[in-house]
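The structure's right below; bear with me while I get my questions together.
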Amino acid sequence: MAFRKIINDPVHGFVTVSDPLIYEIISHPWFQRLRRINQMAMSYLVYPGAVHSRLHHALGAYHLMQNALYELKQKGVEITEDEEQGAKIAILLHDVGHGPFSHALESLLVKNLGHETLSMMIMEELNMEMQGKLQTAIDIFKNSYPKKFLHQLISGQLDVDRMDYLTRDSFFSGVIEGMIGCDRIVKMLTVHQGELMVEEKGIYTIEEFLVSRRLMYWQVYQHKTVLSAEMTLVKILERANWLYQKGDHAVDQNDELSHLLFGNLKKVDRSELEKFCRLDDSDVISIIKKWRYHKDQVLSILCNALLNRKLLKLRLQNEHITFEEVLEKRESIANQLSVSQEDANFLVFTGEAENSLYNLNNERINILFKNGDVKDISQVDSPLIHQNLSHPVKKFYICFYETPLG
Amino acid sequence: MAFRKIINDPVHGFVTVSDPLIYEIISHPWFQRLRRINQMAMSYLVYPGAVHSRLHHALGAYHLMQNALYELKQKGVEITEDEEQGAKIAILLHDVGHGPFSHALESLLVKNLGHETLSMMIMEELNMEMQGKLQTAIDIFKNSYPKKFLHQLISGQLDVDRMDYLTRDSFFSGVIEGMIGCDRIVKMLTVHQGELMVEEKGIYTIEEFLVSRRLMYWQVYQHKTVLSAEMTLVKILERANWLYQKGDHAVDQNDELSHLLFGNLKKVDRSELEKFCRLDDSDVISIIKKWRYHKDQVLSILCNALLNRKLLKLRLQNEHITFEEVLEKRESIANQLSVSQEDANFLVFTGEAENSLYNLNNERINILFKNGDVKDISQVDSPLIHQNLSHPVKKFYICFYETPLG
Amino acid sequence: MAFRKIINDPVHGFVTVSDPLIYEIISHPWFQRLRRINQMAMSYLVYPGAVHSRLHHALGAYHLMQNALYELKQKGVEITEDEEQGAKIAILLHDVGHGPFSHALESLLVKNLGHETLSMMIMEELNMEMQGKLQTAIDIFKNSYPKKFLHQLISGQLDVDRMDYLTRDSFFSGVIEGMIGCDRIVKMLTVHQGELMVEEKGIYTIEEFLVSRRLMYWQVYQHKTVLSAEMTLVKILERANWLYQKGDHAVDQNDELSHLLFGNLKKVDRSELEKFCRLDDSDVISIIKKWRYHKDQVLSILCNALLNRKLLKLRLQNEHITFEEVLEKRESIANQLSVSQEDANFLVFTGEAENSLYNLNNERINILFKNGDVKDISQVDSPLIHQNLSHPVKKFYICFYETPLG
Amino acid sequence: MAFRKIINDPVHGFVTVSDPLIYEIISHPWFQRLRRINQMAMSYLVYPGAVHSRLHHALGAYHLMQNALYELKQKGVEITEDEEQGAKIAILLHDVGHGPFSHALESLLVKNLGHETLSMMIMEELNMEMQGKLQTAIDIFKNSYPKKFLHQLISGQLDVDRMDYLTRDSFFSGVIEGMIGCDRIVKMLTVHQGELMVEEKGIYTIEEFLVSRRLMYWQVYQHKTVLSAEMTLVKILERANWLYQKGDHAVDQNDELSHLLFGNLKKVDRSELEKFCRLDDSDVISIIKKWRYHKDQVLSILCNALLNRKLLKLRLQNEHITFEEVLEKRESIANQLSVSQEDANFLVFTGEAENSLYNLNNERINILFKNGDVKDISQVDSPLIHQNLSHPVKKFYICFYETPLG
């Protein structure tokens, strides 16, 4: 009987794997590790259902890829078995380079390297381990494969990655108005002159997709409480590093994490990669559970804030935060806690959140009209989809600790 | 034990009725008649699941009203029992004046009177029958009741009517990207200075609501096949009337329908209202099933087109249909069928479809900001919600019969 | 580009048709007519959402057939293109012989012929019309095709027909506890020694399927109010026939219906079949709307009861209804309305409802164990699935009219 | 404005908290800790979506309690505000005594004490902290409160705990056939002679509830892969303890965990309770991530098996596992790995899984018939619900490690 595994997915129904190589990749410890990385980082502090893993998202995106390739083949697009396997592997592994808490900690743990680069490095390791069978996947991932649409399915403004995470995040968080017509988009995909396009009759579904994405961004991913939690997490690691650099080695409690966090690595070799791949959310949570009892008051405050969900206040606004407010709040907290101004920087800080409905500089969403015309979605005549679409919205925030008597 | 009826609703879960007067209204033949009027007219020819009734929609809107009033009371808004009953009755009956196939035939059956006027007349009849117990409902419906927000819940750009029908139509048609966050909107409602408002944190959900509504409009309600079917239905009744006025009384097969359709009534009195309330979709379908065998070729063609779903072609475009095209198509079909130019008008015709994302002249959607400011949703600073929002989109269509060898 | 139609289905997602012959069958007036026959007859009087059509069910069952065949092929079962087409056509047309209100009126309109026989006759007509292309479908439907499992997929205790209607009826009525794991059952299907089987690991899902079916039977299909409405419908037609046979030709208002109802046909030839295929629910509803004003009091009472949902009372019990109770109730209503005892028989009557969890005499559900053993589901060792499973449950009811002052 | 928090729940819609005391309890670190305990332990290794937390379940059960109390009050059952608050608090905290990986590790971490006892102790601590405001909740939880039905809502065979976890586990795992009619059960609840009952018309929904529970038990909770993973987890902790007792203190890497695991505590005082409440899943996962590099081969094998999902094989059968098979497998693995027979016990072991559809010795499910009769569900006349219902099903398993070349 043919090889066949089915996996229950409350979002897409059943995910089927009938290729032994793909199952081998799924079974690899580096992929299994994604079970222990939450797809939505700290969002579960506001949306308690948002606890699904990166592994689940990767399987979902793989499923959509499978459907999309099937649809395209039905429409006469030529896709070989090798290309199909390559595209599926590429999407399965597209996020394998994420570390603990994904985006939130990305810049702290492996400086200068985004998760895409790490995904790429991991894919190359696996390619060696598996006798070069991942070469097509790598070429597609790097966009060096001739059939561009395969890469566009993995990385673009309408790729199966986005389609899955929007659908999945909306499902698990319970924000049903964020639900996109993901199965319909897949049915509307087509290839024209080698590029991925959407059939004309899919325009309204695409509009709705863009607006839902925007809603998810501001209502979920950048919800002020989520933002506060994720920034607190960043400050915890920054404070630990600050302490370490000052000579406090009591913060060093986890070899792999310490190596990356305190190590100031210039580059990542095979051995560093191996260490990176041992890390997941549990390492960060469990070290924070230790640091909560650390003698440094600032570190301890931040860790308890996160673990007990007594979070720092965060105010999000359209205008810049004034320098005066920051200074005043820092001085106040420094006085209350008898800590230095430098310490107060970890308890009162500012930042920005930015989002575009549509980004003209990224892989575009092209609409193929019945008459053969091709238009970027931002050029389609509509009172919704227009030039403003691509103006980014930027918001500013201040995040600050208040003592219980506050 | 207290009076209590529960009704299964796949959309909202369970609808509860605990007020005997409301149950009496639901049990009234004029309300029960709504079981036989399809909420989405001919949309089921494209979306086979879209066969839910106006009665079901009325119960769903009543359920949302119940939830909305509960939420508002929790927020401290004063609502008496009489007002609660009135608002619930008003929403239950808001569409009771719809005739067969609702909007599609509205202007043909009772000229000059919209369905709201008929709903009003029916409510007044019921009020007499029920000893004046519907007076508050009538005052709210007519917007003569002092607490304006009660009327706004029934009739506005964010009323429970729209919330239910968008949710329900999306559910039954299977267009999941049309799903709005209806429970969330209800939770975000508030009353400020006597007017219905939405809390600031509901802005993205409202945006999404407007875009979903637009999607449903073009993708479902005005889908070209639906439009063709509904216009064919109109042409059938117009043709029958044309034949009747020419003296062909063989088209007169249903007393109540004939009375309204051929009668050219100037006004509707109690007895006409009674006749109107006997009509439902089944009368129209069954007369069309007779007319399909009528000797008039045009009538017979149109009836068969509808019943067998061999519909007239319809082309929807952004530009006006040229006079030349219409003439040419009419001449061609007149020749093929050996009918007159006048006859051909029933087989080749044009029209317009128009939709605004948001209408500045209607009851507006007001956002209440945390600082107490109130802004119309079209004034909220956002790259999506902006002045263009209220520009109507207009499309033009030509609809034409093609012979099987066409 | 390849032929391809997609149809939105809120139950299964999208239904895809890529075979022009199948699309031709779907487009045939005899199939389109199923749009006007409600799948659940009068159940919508209790479950307002239960208004989906037989056409929608047929498309859904076709979709499950497509999935089931795909799964079996993946498991190495040989299925040719001709067989695949045949099985799909057979399931599409399995219910095409249903008349208005399906089972409820089956025995009244075409005596002695079940809907399967009519489906068969219609398939044979279509086969002639389409140059013999339906032959394999007919052979599969009649169970004369060598690969028995194809017939078992269409007609058995675990066929795609049941899987679709249970899922669909549960979805539209909102009885979520009736939901079966239909996608999972499809994945668990296999073929062993030419027969359809379920893999061992599907046992619990099958148990749940049987119990859900039982729940739907008693809670929905045979809900006492539904039963009352459907029996009232039967009595209306019986009364009209009784009047007709007594010489009252005023009940004759619809040629096709009258022909079947009053005609006492001994057999159905091509021309009768044609007439039968013109009928749908709208004919019955619209004649009842006329009969409500008929001068016969009994007919008028029954018609109004149905149209206004002022239904006859119905009591369902485990014991037989006593003869005394029936007599007493008939006498009482005869007195109140001043009608004869014979008339009273139409207003007070009894009946039975029966259901088995599992029927040993029907196509069985076979479980294929990993060790190669095959067991009927009723032989599987389990405290739930045991010999009692196949004992039918029988209930008895009395249905009786009460005057408004009753 | 009144106090009010709403929490998104993809399962029940929105959970509302309008009582500041309840919000204070939810905000307590001991309750927040439940965010870090997975409701379904290791089930996510088979069902990747099953990653929801105990906190989410507790909120869901609280929501159902709120609905159930509302329904009962509507039916005339007297429930005071204090009782309502008490019942809600009791259900919120009913599982607060669960430690890491819940049932799986329960007997290892706090010997002799079930999680209910720990929940009780924690509630008493909180009661002191909150000035006795939890007294009614405690009385209800302990079943010492006069109105027994309040306790039955929390702990019985049809309590809101089971209703929520079955619904939630089915939702997140994607096993839709496990879905129960939870909203309908809540509507069917009533109180008779001080006891919780189900109205007669709820019988089929209760049957379906019992069968769904059974399905979830064997298909999800005791799925052989889940069982293997959870037993591996147990063996890991047992092995670590075995090493510790032999003097290998390198396994002691987490103070709180070590204290409980290696401490052989006779009783739990306030300070032990405090330590217990610091533990959650992350402590166990992170210590396993350290132990995977431990020099003891057995410990390292088991840890890697779990982390990389290269699990021990597990065979589940109706018959006892023979002593011979166990011996043979132990000998074989001992030889292959060059370890002792005693070591092999950790790599080859047996166990049992047992489940009753219905337990006659537990709080029963009583049906209240319309005529006032009360019957235990197992006494209701039905071919499904009968004496066998309460016979437990027992299965036996052997779980054994195979070397990669195995």
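Letters are used for the chains, namely A, B, C and D, taken in the order the chains are written, and counting of residues starts over at 1 for each.
Going forward, contacts are C-beta pairs under 8 Å (C-beta built on N, C-alpha and C of every residue); 3 or more make two chains touch, one makes a residue touch a chain.
Keep in mind that this is a model prediction, so the values were computed, not measured.
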Decide which interface, B-C or A-B, involves more C-beta pairs in contact, and give its chain pair. B-C
Among the chains, which has its CA centre at the largest distance from subunit D's? B
Between subunit B and subunit C, what distance separates the C-alpha centroids? Give it in angstrom. 32
Counting only Cα atoms for the centres, state how far subunit A is from subunit B in Å. 42
Subunit D: positions in contact with at least two other chains: 13, 175, 184
Taking the complex as given, what residues does subunit B use to touch subunit C? 7-11, 13, 27, 29, 32, 35-36, 44-49, 51-53, 55-56, 59, 171-176, 254, 278, 281-283, 285-286, 289, 307-310
For subunit A, which residues are in contact with subunit C within the complex? 1-2, 4, 6, 13-14, 18, 74-76, 183-184, 187
If we count contacts the way the header does, which residues on subunit A are in touch with subunit B in the complex? 175-181, 184, 204-205, 207-209, 211-212, 214-215, 218-219, 318, 357, 381-384, 386, 388-389, 391, 393
